[in-house]
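For reference, the structure I am asking about is given below.
Note that the chains take the letters A, B, C, D, E, F, G and H in the order they are written out, and that residue 1 is the start of every chain.
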Amino acid sequence: MAEKEIAPGARVQLAVVEEVLNLCRANSLWPMTFGLACCAIEMMAAGASRFDLDRFGAGVFRPSPRQSDLMIVAGTISKKMAPIIVTLWEQMPAPKWCIAMGNCAISGGPFEYDGQYAIVPGTDLILPVDVYVPGCPPRPEGLIQGFLALEDLITKGEKRNVLRRFKRKIVKGR
Amino acid sequence: MAAWQNLVNFLGPDLARIVVGVVGVLALVQVNALFLVWLERKVAAHIQLRIGPKEVGPFGILQSIVDGIKLVGKELITPRHADRKLFMLAPIAVFLPVLVSFVVIPFSERLLIRDMNVGVLLIFAFSTFNVLAVLVGGWASNNKYSLLGAVRAVAQNVAYEIPLLLAVLSVVMWSNSLQMSEIVASQSKVWHVFSMPVATLIFLICATAETNRAPFDIPEAESELVAGFHTEYSGMRFALFFLAEYSNMLIVSAVATTLFFGGWKSPPFLGFLPVPGLIWFFAKTYALIFVTIWVRWTFPRLRFDQLMNFCWKIMIPAALLHLVVYAGIIKIVR
Amino acid sequence: MGMIKDIVEGGWSLIAGMWVTIRRIYRPVVTVQYPRECLDMSPAYRGHIEFEQFPETGSHNCVACGTCMRFCPTNVIKVQGEKTHTHSEKRASLYFIDFSHCSLCGLCVVNCPTQTLKFSGEYELAHYSRWDGVIDLIQRLEESA
Amino acid sequence: MMTAQALHDFVYVGVFLLAAALFAVSPLIASWLIGGRSVGVKRAETYESGMPAIGSAWIQFSVAYYIYALIFLAFDVDVLFLFPVALAYDKGFFVRDFVEIVIFIGILSLAIVYAWRKGVFTWQKRR
Amino acid sequence: MSLEDLKEKLSKVVEPGDMVPRDYEKDGCLLEIKARADQVEAVAKAAREADCFLESITAVDFTNGPQIIYQFNSCTIVSRVLVRVQLSRGESVVSIGSIYDAALWYEREVFELFGIRFDNHPDLRRLLLPEDADFYPLLKDYGKVHAFRSTEEIYGE
Amino acid sequence: MNSVQSLIQPQVLAQIGFAGIVALTLTGALIAVFPRNILYNILGLIVCLTGVAGIFVYLGSPFIALMELLIYVGAICISIIFAIMLSRPLHLSLPKRRLPKVGLALGVGAAVFIMLSAIISRTEWQPAATRSSDWSVATLGAYLLTRYDLVFEVISLVLLVAILGAIIISGYARRSPS
Amino acid sequence: MANEFLEPITEQTFYLNMGPQHPSTHGVLRLFLKLDGEYIVEADPVIGYGHRGHEKMAESHLYEQFLPNSSRMDYLAGLIFNHGYVAAIEKMAGIEVPPRAEYIRVICAELNRISSHLLWFGTYVMDLGGFTPFLYSFDDRENILDILDRVSGSRLTYSYCRFGGVARDVDDEFITATHQFVERLRSRWDDYHNLVTKNVIFIHRAKDVGVINRELALRFGCTGPILRAAGVPYDVRKAEPYSVYSELDFEIPTGTKGDALDRYLVRVQEMEQSLHIIEQALERLPDGAIKAAVPHKVRPPRGDYYFAVESARGAVGFYIVSDGTSYPYRLKARVPSYGNLQVLTEVLPGTLVADTISILGSIDIVVPEVDR
Amino acid sequence: MNSLTTYLFLAALLFSLGIFGVFQRRSLIGMLIAIELMLNGASINFMAFNRFLAPDPIVGQIYTLFIMGIAAAEAAIALSIIVAVFRRLGSINIERAQELRG
């Protein structure tokens, strides 16, 4: 699991405080209301009644980047859109995370071909991505799985997420 | 020691009251905000056939605590082009009037921090600062969405203050007092909700508008103004706006309970139950809050001109008419 | 007078709306609590591709003909074969897909001459690295076997 | 004398204001201490849907509802004047108080009638 | 408005020989008009008078120069008319934005994808690409393409 | 210890509170007059008015104090802020002060203050011989209904005229009634 | 507006970017607004934030390979685009489609249309501030997705129609599930009407807002519910019947004024008509093959072709120039939202900011469809 | 300290500050703010006399209330005039207004 400095540059850094904060951060990921293409619809579906992201405390979609913790890049990033995504990312207050949802966000997906002039092939070229959720588009379950993976990343391991009362299914083999 | 004695003589039991009151109210404000956020999310979820917060603590009860702690750990961003001083001041200022309002709210017959004889007015007077803080915060952000939101908030709040005051006037006319305890006492026979249902309705509608709740949530209309006046506020500053909003909900509902729903008194046909007044009070208050939550998750929001015209064309004339009619009724009844 | 009628009718419509929502509070929720309970995947569900395991060979039937590679619109598939002594045909020795480019069109599955490709029912693929989308199908087949 | 009681009230209000200020400031300080800090050129830029903001928000802002504020200003004061009267309402008057209140409110309503007639409350679509 | 009416209006502005009936069942359009660049405005006016709306404007790049294709259709009867304008490279064409507002965006799109300029267009900015894009992606000499053909190779003659 | 104890005397506490209020008022007044950013001025005015409300409490009338907040802060100041937003952004294009003008203003202000304080300090204020001790708001209301009833009605008339004036000046009168 | 950055910024008016990241611009649309207080003086929709170069992509891909792209242009009505693209190629190459396949396509396309309209219904009411109807409609939409997932294996980007037929046959379970869904949705109308259609706030927000009359709609080439709300009964399914629509009985709902409320009502009635179509199609669903024999690589003869279908948002057309190889020489998709979006430049000025949201929501834009 | 003179001095100070503001301000709104200061000085005077000298403590309060009412009316009219002036002249700067007139 990739180690990432969760709160860069906090003025006072206490291990205990960080531990508690990370636990809380993991269980209260507010995504930004922000969709690019097809995956955004599945993101909405994940927030809707059937799948209900709110169960994990992640259902508070904030429209303003200032109040959100998580950017879900859901869809193809066009070259015209890329600087805007970077701006939005930088306007989010630390600590913040990014999920690349869908194949387009991971690598340009099916739209990356020889002669492609319009898209940025991969979110990781412009933002530090924490979790990748492949699929075209991924099912809402896949996105929830991505959320849970991100929570584990924040708490540095599933076992340390003491509030979690179920086991995340980890796909093996790769 | 003599000096201390003097102080105790001067303030008397007040000293203990103040300390206990401050601590109690602070606890109430926090617990209420945490509970209300949770309640709102839960009720909304069940209205929408969802579960809502569930995984964080049993029934997701820890969810709002977790959210709160997370917000403390977020960065506070001050936009470069903002007016830094006012931008930082506004979230604090929005919280100032919140606690003061609790001073005069009678939670039960005994549990009343200070029974001022201008109680009702005090709440309205200090709620003005709330509006000002919103305006200052929205203006200081130097963000167009914030500015639009702040201006709308103020225009809306000031407009709805008039029918609100008019509705309160009917109550004051009956009880001849601004003192909260006496207003409650004046409802010993009939709750005002029964004797003046129109005023109650006006009060509730206007109170919803005053607290910027749907369908009057135009200042923070998400689909238009992103997050309205607090678009630029992050982390704890945003949390303070949030806290103030939910505390205001409590205050408004508590005031409505006091003025129209008999305060701590038990419902007339349930008087035999040995339930303390405090419980009745909070039961009524949270029932009202539940209604506002229910309304919020049912209706679309009004447009701004409709909102203003609703106030000026329907609410204010209705309130004025009600006041005149009620004044006549008092003459006849007494 | 018309105004009063409007107010009454409007108020009534609001109450009707509130009646709709309050009834829902007592209805059972429609939420499927995903990590605790899962939806049944549809039989047609298209996850990433994987090898069909044929009972007669106990393994896949990929002859590394490269049809899938050629038909793939986005160059997802990389297949290499080698001739072994036991088989007269070529057999795939390496079969990698980069799922992160896949658009799930299914041309590879449709056009596979030996019908050895099928869609997996895999949908929980969240990972921490961009390259986790690269899947070794042969290894995957061996693991599941 | 009423001063003493008023002063006591004042003590309450003052202390609560102070407590509120402290309560509001302390988490901000905590947040300042333990909150993260991000970097980025556009971190503190004004948010405008991800685009660079065009011009300042501090411009002359044509408030269509300005006239509402002016009407409110006078109206609110009028309503507040009714409060002391309401306190004394029906205390040893025959109908004098009723009549006076009716006159007062009648004059008050004229303002609404006038504003309504003049179309203050109708927002026109502008082209 | 019938198709005959439209034909009559159109016959005033283009030579009858340039009006080629098409097989609707197969090609999806009823009439094809081969127009010159200077006839576009008149054709558009005629279509407008015949109560047609502009369905789309697009272009195809050939070795002998790009071709602009206008499509008009009526919402009362099917009367899809294809107006084909063969341009030489670098030639510009008159905007029909004053006749059909819908044309403004279509023309902008054609401009940015093919580099065909439209005269009298009020606002010929980039539409889909970033403002600073300096390439015309749908030209056949941009990127990897499968074939680059002349008009004859496709339409015969 | 002694000094601390003497500070806890209720009278002293009241004095400290009073000093605080006065300080608040004067700070607000200064902010209302001196900074060139007009929004700061209005916020200063609000602070000052809050202080004045506190002074009214010290003068024995919390009711008037709250009215001060409700009317001045809640109505007048908010309307002024609206007017500021409607007008040119003064807070940005800060008008330069002209020294002679400021000097003149300062002179006039100081002269008035000196004059007033001279009068205040010279005059021997005599309280009325018999003083009623009824401060209740209800009595105030009763007075408004009896002795000052005309003024009470006139106030509403004045405010009505103010509203009409505002509407007319804002150009609504020229519109045809809809 | 010549150039947003060149024009001097006066004090009276100010510029506001609404979007690309804005909760109500439906994805990545950017509305560049010139405001006077709350009033809009000029509006300039800026598109291209979702431009993915579909048309360039087509030129280097086989006809088959481009097929998945068709459902990614308009991901809300992906199956209808799919259908349109496949039918266009079939017409070009002269492929006969078995009747069963045609019926299955129509059923799925109509289900897709309903799902698209349901999503629009939800987001429109959400734009107006009502959050709950959004989730109710999403709940119903999930039912459709389940049905379509069962046959196509995907929830959003179906790639279900193939040249010569469909990818997978339907079973009895599909038919019963579809019947159940039709029943279920019919039983929902009451709730939807009580919650939204009859709601006084909603009516006030939608009535007389954003009037697009016949004249305006035709000038801008608007099609679909916008044109129909203006009183023009133009529907490709009736005007140029494709597939088996000529055998099915349905009506084209139209409005009168062309305001947001009319567009709302037209869409709601369209959903009912779609249910009607689905019922008929299910009843007539013939047995037989679901796919004609088609070569691995289709090679349509040389020439240019146009084929139009009616998507949830209006007329979709594929204009394809074939050079006789298995790669399209040029493929152009005529998308309905293009004109529907452009009309905003004319409709928005003079309205309030809140109306902008209402108009935008009632027009129902899918930005990647516009941008392609 | 808590005597009549203190209050009167405070009121005088507010009044003088108001006068100063009226004279040095160039914008109409600034002047309005200054005028409000002066009115408040007057109110304090009334209340102080009421508290320390008057025979009936109600009268002073009523006067103060009236001052507030008048202040509100004055503000409403003044603000609408300011806006009208602004609409006409494009400025609320009093000197600019004079320039344009003359």
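List of remarks:
The definition used in the following text is that a contact is a pair of C-beta atoms (placed from the backbone, for glycine too) under 8 Å apart; a residue touches a chain by one contact, two chains touch by 3 or more.
Values in this document were obtained by computation on a predicted structure and should not be read as measured data.
Two chain pairs, D-G and A-B, are compared here, and A-B has more C-beta pairs in contact (counted per touch definition above). The geometric centre of chain A is 54 Å away from that of chain F, both derived from CA atoms.
Chain C and chain G have CA centres that are 25 Å apart.
In whole angstrom, the spacing between the mean C-alpha positions of chain B and chain E is 63. Averaged Cα coordinates give chain A a centre that lies 20 Å from the centre of chain C.
Counting only residues that touch two or more partner chains, chain G has 11, 14, 16, 20-23, 38, 48, 51, 53, 56, 60-61, 68-69, 72, 132, 135-136, 139, 142, 157, 195-196, 199, 201, 352, 371.
Multi-chain contact residues, meaning those touching two or more other chains, occur in chain D at positions 9, 11, 32, 34-38, 43, 45, 47-51, 53, 56-64, 66, 69-77, 80-81, 83-84, 86-89, 91, 108, 115, 122-123. Taken residue by residue, chain H touches two or more other chains at 65, 68-69, 72-73, 75-76, 79-80, 83, whereas all remaining positions touch fewer. Contact annotation for chain pairs lists A-B, A-C, A-D, A-E, A-G, B-C, B-D, B-F, B-G, C-G, D-F, D-G, D-H, E-G, F-H, with touch applied as defined.
Taken together, the chain G residues at the contact with chain A in this complex read 20-23, 27-28, 48-53, 56-57, 60-61, 68-69, 72, 75-76, 119, 134-136, 138-139, 142, 145, 155-157, 367-368, 371.
Within the complex formed with chain H, the residues of chain D that make contact are 66, 70, 73-74, 76-77, 81, 84.
Of all the residues in chain F, the ones that touch chain B in their complex are 5-10, 13, 39, 43, 46, 62-63, 66-67, 69-70, 73-75, 77-78, 81-82, 85, 136-138.
Chain G makes touch with chain C in their complex at residues 61-62, 64-69, 72, 132, 139, 142, 146, 149-154, 157, 159, 162, 167-168, 191, 194-196, 198-201, 296. By the touch criterion stated above, chain A contacts chain C in their complex at residues 1-2, 49-52, 55, 100, 103, 106-110, 112-113, 122, 124, 129-136, 138-146, 148-149, 153, 166-169, 171-174.
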